[in-house]
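Listed next: structures, encoded as structure tokens.
After this come two complexes, each holding subunit A, first together with subunit B and then together with subunit C.
Right after this comes the complex of A and B.
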């Protein structure tokens, strides 16, 4: 039904380190898929649509069928280069525009 | 009643460098370990967790190099996709061919008997003495290692099939 699933994620590290570029970010995501789902999982086409180095926040995109795989891989992430880390998935949706805001942030007066 | 369904995959493990008639001798657990390692590589932690409970690999016959892998019903697709990619068993380079997938051990047993019989017919002419031929026949029709899977029914069915023939 929907072709892609979009995530709004940010990577939070225990210690602040050097900058993580978009390439390293994507490499880490693929590495997580590899750990949990092997080569078959790492071959899913995950794209980093936007990446902000300062806040380490990204918009990821994956095929709808791999949504559960990608989400579970991000959830079970432990380390980034031996630094403890966590992926906060702020929002996820099959429609890119709806990542802008949720009804939680909207003032219903 | 929900029951545990299994799938039994019959494979042929061929070493790359040697000619076809040589017997391949493997330790009992090496096939199991190579398959688990391959699943870890291709399907990750999820694959190993999904397949480990029901996984068992038994090497049937060293002459025809036939082995049977038992897997749970849902997880059999993960294992079946890994078997052709299996390259090394016990530091030997091998090629794995999938021969048959059966839902019960009896199905596999019938297939393996047929397979062994056609192999025996092929090499019958190459064996010179009567003794050799009898020994080979005994070696090929001896499938007792399958009973290690824990099915006592295999032994009973064995006599039925022999009587039919």
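Right after this comes the complex of A and C.
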């Protein structure tokens, strides 16, 4: 039904030292897929559409069928080059425009 | 009355000493969107095994081996924002240890009681007889405990829940393998009924957002609906059942409040007494049928 799934993720590190370029970011994502799902998982076509080096925030895109794989690999990530890290997935959606905002963050009184 | 809000994480690890990491973990959970948290204290049941008396005159030390819940200050700090419960997890291997646990006074002060059965006998005892809320496991060593469909369904019928922790899966590949294996056992034997997913987190870098955890549930063999339930409805079920276990058998009395109709005639615009009587008599008759006690019937001036 939907061809792609889009993620708005940011990488939080325990120590804010190294500068991570877009290439290293994508390499790390592929590495995570490899750890959890092997070569088959690492062969999924993940694209980094946008990347902000200062905030380490990226828009990722993957085929709809690999949504669960990519999301769970990002969730189960522990380290980035021996620095403890967390991937905070702010938003995910099959429609790119709806990554702008979501009502999940609102306080519904 | 217990009200359980939002997403739940019923296993925040606390070793009793480091309060700052506990506070920062709770704060991280609050920021991510969780609203109900339980602080877990793990206790090894082998302490219950007493040594034999060497001399006849020696008395055994009388004191509760289980430590009382010690996190009231954190609960007060997060009051209104995060509902924090106290949980005790005990690992045990024999029926004697289980019996001593049920006798412990401090153990009853915790809101949730969870057990880690380390032997087959202990597992059967926990599923069939023991008065606990949650059956969990040690991530580093799942041991030789073989689940069976009969035991699982027995536990589910009694209202017990089974727990899967996801933090060890982040930390260690052996633990990850064990957790996925156990999760698939639960699916094979019990169709993943009454599964609760929790973190077991010791610091803020180990917690994940609720929707990420829901996605992990899919890896653990749960369906999409079961995954979402595992951090919302199943946790609510567990907390309510735990409250029921602590309160024991209760009686519910439905009572009519006497003060409500103290002066019924005041608001009546109609001055016709007969009409008033028609309104009040059927009510009185109903009361006489249902509640024979005279104390409940209100005094109505006609």
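FYI, the second predicted complex is superposed on the first by the 103 of 109 C-alpha atoms of A that agree within 3 Å, B and C clash if a C-alpha of one lies under 4 Å from a C-alpha of the other, contacts with A are read in each partner's own complex, and residues count from 1 in each chain.
Note that a residue touches a chain if its C-beta (ideal position, glycine included) is under 8 Å from a C-beta of that chain, and two chains touch if they have at least 3 such contacts.
Quick caveat: nothing in here was measured; it's all calculated off a predicted structure.
Colleague: Overlaying on subunit A: subunit B and subunit C, fit or clash?
Modeller: Subunit B and subunit C fit side by side in the superposed model.
Colleague: Tell me the contact category for A:39 with respect to subunit B and subunit C: first, second, both or neither.
Modeller: It touches subunit B, and subunit C stays clear.
Colleague: Considering only the touch criterion stated at the top, classify A:96 as touching first (subunit B), second (subunit C), both, or neither.
Modeller: neither
Colleague: Figure out whether A:48 sits in contact with subunit B (first) or subunit C (second), or with both, or with neither.
Modeller: Neither subunit B nor subunit C is touched by A:48.
Colleague: Would you sort A:59 into first (subunit B), second (subunit C), both or neither based on which partner it touches?
Modeller: neither
Colleague: Does subunit B (first) or subunit C (second) touch A:30, or do both, or does neither?
Modeller: Touch partners of A:30: none, neither subunit B nor subunit C.
Colleague: How many degrees, to the nearest 10, separate the directions from subunit A's C-alpha centre towards those of subunit B and subunit C?
Modeller: About 80 degrees, rounded to the nearest 10.
Colleague: More residues of subunit A are touched by which chain, subunit B or subunit C?
Modeller: C
Colleague: Considering only touches as defined above, state whether A:14 meets subunit B (first), subunit C (second), both or neither.
Modeller: A:14 sits against subunit C, while subunit B stays out of touch.
Colleague: Give, as a whole number of angstrom, the minimum Cα separation of subunit B and subunit C in the superposed three-chain arrangement.
Modeller: 5
Colleague: If I apply the document's touch criterion, which positions on subunit A are contacted by subunit B in one structure and by subunit C in the other?
Modeller: Looking at subunit A, the two contact sets intersect at 35.
Colleague: Please output the residues of subunit A touching subunit B within their complex, sorted ascending.
Modeller: Listed in rising order, the residues of subunit A that touch subunit B are 33-41.
Colleague: Which residues of subunit C touch subunit A in their complex?
Modeller: Residue positions touching the partner: 33, 166, 169-171, 173, 176, 205, 208-209, 211-213, 215-216, 218-219.
Colleague: Which of the residues in subunit B end up touching subunit A in this complex?
Modeller: Of all residues in subunit B, those touching subunit A are 39-47, 81.
Colleague: Tell me, which parts of subunit A touch subunit C in their complex?
Modeller: Residue list for subunit A touching subunit C: 14, 35, 68, 71-72, 74-78, 84-86, 88-89, 92, 104-105.
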